[in-house]
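To start, I am sharing the structure in question, which I have written as structure tokens.
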Amino acid sequence: MRGIAKSLLTTLSTFTRRPVTREYPDVHRPIPQRDRAFPLLLWDTEIDEPFCTGCHACERACPVECMTVLMKDNPNHTSQGGSSSRRKIIDKFWIDYARCMRCNICVEVCNFDAIAMNNTWQGHELSVYDRSDLVMDLQQLLAQHRAGDIKEWVAQ
Amino acid sequence: MAMPRLPDQEFETQDIMINMGPQHPSTHGVFRMVLTVDGEVVRDVVPYVGYMHRGAEKLCETMDYRQGIGYMDRTEYLANFNAELSYVMAVEQLMDIQVPERAQWIRMILCELNRISSHFMFTGAFGTDVGVFGTAFTYSFIQREIVQDLFEEITGDRLMYAYFRPGGLAWEVTDNFVERVREVLTQVKQGLKDVDGLMTANEIFIARTRGVGTISTEDAIDYGMSGPALRASGVDLDIRKTEPYLYYDQVDFDVPVGEHGDVYDRFLLRVEEIRQSIRIVEQCLERLRPGPILPERMPRMLRTPPGEVYIRTEAPRGEYGIYLVSKGGNRPYRLKIRSAGLSNLQALKEMTVGQYVADAVVILGSIDIVLCEVDR
Amino acid sequence: MTTDETQPARATGRGGAQPASPPPPPSFDDTIWPVVDRALAGVTATPERGSLDLIVHVPRDEVVAALRALKRHADLGFDYLRSLTAVDNEDEGIDVVYHLYSTAKRLNLTVKATLPNNDLRIETATGVWRAANWLERETAEMFGVTFAGHPDPRTLLLPEDMTDTFPLRKDHPLAEIEVLQGEGMGYTAEGQ
Amino acid sequence: MNNELFGFEINVWFDALARVGIIVGFMTVTVMALIYIERKILARFQMRLGPTRTGPRGTLQSVADALKLVGKEDLRPRMADPWTFELAPYVVFVPIFLGFVILPFLLDWHVRILELGLLYFVAVSSVNIVGWVMAGWGSDNRYAMIGGLRAAAQGISYELPLVLALLAAAMLAGSLNLNTIVVAQAHIPYIVWQPLAFFIFFVAALAEMNRPPFDIPVGESEVVGGPFVEYSGIRWSMFFLAEYAALFILALIGASVFLGGWAWPLGEELGRWWQLVLVSAKAGGLIFLVFWVRASVPRLRIDQLMSYSWKVLLPLTFVQIVVNGAVLVYDWPDVVLLATGVVGLGFLFWVTDRAVRRPRPRPALVAQSEAAR
Amino acid sequence: MEPQSIDQLYSNYLPVLIATIVGFVLVISALLGSRLLAPFSREREKATTYECGMLPIRRASTNVGVRFYLYAILFIIFDVEAVFIFPWALSFVGVGAQAYWVMVAFIAILGAGLGYAWKKGALQWR
């Protein structure tokens, strides 16, 4: 009976404590700055084009093959009279967020620092009704950084 | 009037087969066992595993060493750091990489914190198994959440950390790492007091667990059990002591060993291990010095020379072994994951037969299986 | 006899605590090999220096006898089966690998037996350790190795009817990844 | 022949009907409130918030649940025995509902105060065990079957201590009439003279209601809901309704028989509102205790549960009855009752402790600073 | 206790009858309400027994080894006893010490019976 009494007292002591529940849609959990949500492409605001050159490094390194990358000649390259030093640039980019395992490898292998996983945007609120809605195309991947919604945190 | 003649078997009782799982509240994942029950007593139990088999070994054989880390997380989702550690240690062993001291200490801290969070998962789920309505679960999960928050701050992910790398760590910990860990430890100590007060001395809890699911020392060894489930049977086999890896030989901690090999001992043992882990982490924090977290010269692509290694580490559930065979190149030729859960689960029949149906659930809970680890 | 044989190798794993030792000389005097050799009298065993543990190659017909001898030997007492698995060496056959441990003497040993591709049969070790039961079932279904005399030869992880293909063999392909993007998403329709 | 309801003279049929009708409404509201309160209280014990979404502070949660349950598909397994399966909810619910008839809510408000009220209650309420067995057997489900059998075993085993513990208190009042029993405790409630009987009553009531730690028939982690695992929608909610109605009834019976109902401690000359406050406080306290115990203790095992009833509680109730008889016949002072009650309670706790902490020592954790190498 | 008139009894137990009817009506109306509101499908899969996701192997209603029938027998004995104790408990004070000792003897005999059953292992749930 002593043990049961101890149990009862323990629960009574927690009865008086403050609940730990967060009322989710009203109260959001503070997300640590390092939180890697899903990979995003970064936007080179100086030249006004993506950093990504479509070199396929991330695509090859992705353990789950969630990326599809296509490159093209950069129309904005200096040889074409533009202002960019990138000879090639990303043409199409898809990431299947439903498949991404958030391992950060794509960020680590990127030679151009063109991809990041440190966003504070919708990364954890991605509920959709159709799985194919989780396949993000180039515009969606770039939009967040272009709008300045990403807090920078670079590993290392 | 003559009595109507009844066939002889008319009043014979039959054993019924109860199918528990894969969709059962207390099989801890998609595990299935078929109990043959005579009244309330279990006469036979046939476990079925494999519902979570995703071929992690095969997958890892098709990808390079860095890509495999993420898959290790997914085999052992409650003790990811321990799983990653075995894997990166295997690669380091083959490549003969020397890991910087700071990285080792941080690894140790994280592994022990992971042990704490994993054992809290056990106390919570086990509390539910013996029938405390949710209280043990929330108590434990609050603590687990605290540890998890810390992991998220450091690694950027709540569950699938992918933080260890062959050679060290993926990136440096946060600036306030030491303070945060100390803070977490104080909270965990309070939480442990709650869990302890709720269950350990409770007479009903003791009545439900003591003397239940006993397994002898010899049987436990013969079945290849490991971790707390083995130590509860009185074997002082803890790889952190017997074959120290990281810096476990430089810190002071006790290995709790049970005497009776029953469910109650397994529970007490895990609670005690949480205390010991807190002790280890505190010592690690004192010895943590600034320094590099990766060796100076790390190849960009990890390539191992031909060879093979069997690395074993003490994960919360027992021995998590990685048998890595390399034939050169950047990917494992064969990667075998020795899962503690699979071996521990083999002894389920030995422990359960002859006990009550209600005990079957408690015994299964006391083994503390993670089905992803069992099936890989 | 202590865990000396694992010391030099383990030092490297400890990362910087000691300088990496040079590759050990091909003698096995400083390991448990002499004891193992004595225990395995009558069995043709070939030692090999492994990365952490001593590896002993045993002909497959003598494996169970060897394992039993290793378990019973007073100075070794390998009473704990850490792991049992197989390695598909393609043309060279399939290795069945036993990782043994001695709880009393704290010793490690790896035992290997090679099975030729045309006859993947080996005797079961369930009589030596009950731990071998599920591990052998897993190895059997994954590699197609037959463990003769196994008391419960059902599949473990795979579906019961999946007995014709062996996933962990090197010739077993991975499934195609389902594609929801790129061409599958109407890339061609958009034009380039 | 006429009766009086709220000061109006009405026909006895209408009177009865009106009172039962009030009870129906009262029961529905109470059960919904109890479900909400239980969820809130349990949540607080677990440092959670409980329902917050439906209505202000989640107060409409029960209403939402009830609506949902009505709108859910009502399934009957193909293999189930149609008659037993369909009838089980009635057999579970109606006896519990009948229990409301004798409850002494206030001094002058109740449906009927029967002269043999306690006996009536005992007789009626035990019928619902049959319903549990019917539900378990009729579902053709192994979990339900085991749960039903457990419910039967548990129900009959705790019926006796419950009845005899109530009887021990009724002996002191010399009546089975609940109002008389309440009046008899106008100044000192029977919990003072009968602590052992109260404890036994409380434990047995927990078991009768299948409340933790005696929720073995419905044990979620073992038999996944037990007898009503196959029930869905409104049919399932009947079991739920019965469960909470039983909780309320037993709490009120306990409050009346052992805590003095609407009377103690201020005597019986109280206004209706004071009586209401007193009776709700007492019944509410008991209900809170039930929730508190639920949040704190694990579930017993069936054999332990049966042993506890037959080997511990039942003999002690006999002892209590014999002692009560002696005190009444020989006119011993009431303090003897208190003393024997306390001694009996101490003995009960001691036996429980002994039974749990068997001779075997507490497993010592062998701590080793240096593992033997 | 003064004897009650038939009218009084009638008046007292009438609510019991009415409550029984009302109780049944409550359940029926709830079921009818659900019949009106809830969806119904004729899908056969839904009507399979819950067996944790597996198909049931056999019918569950076989001859189960019910281990507590001894308890059930004991229960009947003791419940009958309780019925005897009830009238005694209310009237023995008036009758006097003799009635008390008779009942003590009665309880003692039953207690001995319980002890015998205990010793014989009838209280062991196997």
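The letters A, B, C, D and E name the chains in turn, as written, and every chain counts its residues from 1.
Simple rule for what comes next: a contact is a pair of C-beta atoms (placed from the backbone, for glycine too) under 8 Å apart; a residue touches a chain by one contact, two chains touch by 3 or more.
What you are looking at is a predicted structure, and each value in this text was computed from that prediction instead of being measured.
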{"item": "Mutual neighbours - chains that touch chain A and chain E alike", "value": "B, D"}
{"item": "Between A-D and B-C, the pair joined by more C-beta contacts", "value": "B-C"}
{"item": "Longest centre-to-centre distance from chain B, chain (CA-based)", "value": "E"}
{"item": "Central chain of the complex, centres being mean CA coordinates", "value": "B"}
{"item": "Where chain C and chain D are represented by their mean Cα positions, the distance between them in whole Å", "value": "60"}
{"item": "Computed distance of Cα centres, chain D from chain B, in Å", "value": "41"}
{"item": "Chain centre separation (chain D, chain E; CA means) in Å", "value": "14"}
{"item": "Chain centre separation in whole Å, for chain E relative to chain B (CA means)", "value": "46"}
{"item": "Chain C residues counted as touching two or more neighbouring chains", "value": "3, 106"}
{"item": "In chain A, residues with contacts to at least two other chains", "value": "1-2, 4, 7, 10-11, 14, 20"}
{"item": "For chain E, residues that touch 2 or more chains besides their own", "value": "51-52, 56, 60, 64, 66, 125"}
{"item": "Complex contact set, residues of chain B against chain D", "value": "16-19, 24-26, 37, 40, 127-135, 137-139, 142, 198-199, 202-208, 210-211, 236, 238, 241-242, 252, 254-260, 262, 264-265, 268-269, 272, 356-359, 361"}
{"item": "Chain C residues within the chain B interface of the complex", "value": "3, 6, 9-10, 12-16, 20, 50-53, 55, 79-83, 85, 87-88, 97, 99, 103, 106, 108, 110, 129-131, 133-135, 138, 155-159, 167-168, 172, 174"}
{"item": "Residue numbers on chain B that touch chain A, as the complex places them", "value": "63, 66-71, 74, 135, 139, 142, 145, 149, 152-157, 160, 162, 170-172, 174, 194, 197-206"}
{"item": "Touching residues on chain D, where the partner in the complex is chain A", "value": "43-49, 52, 292-293, 295-297, 349, 352-353"}
{"item": "Chain B partner contacts - residues on chain D that touch it in the complex", "value": "42, 45-48, 142-143, 145-146, 212-213, 215-216, 219-224, 294-304, 352-353, 355-358, 360, 363-369, 371-373"}
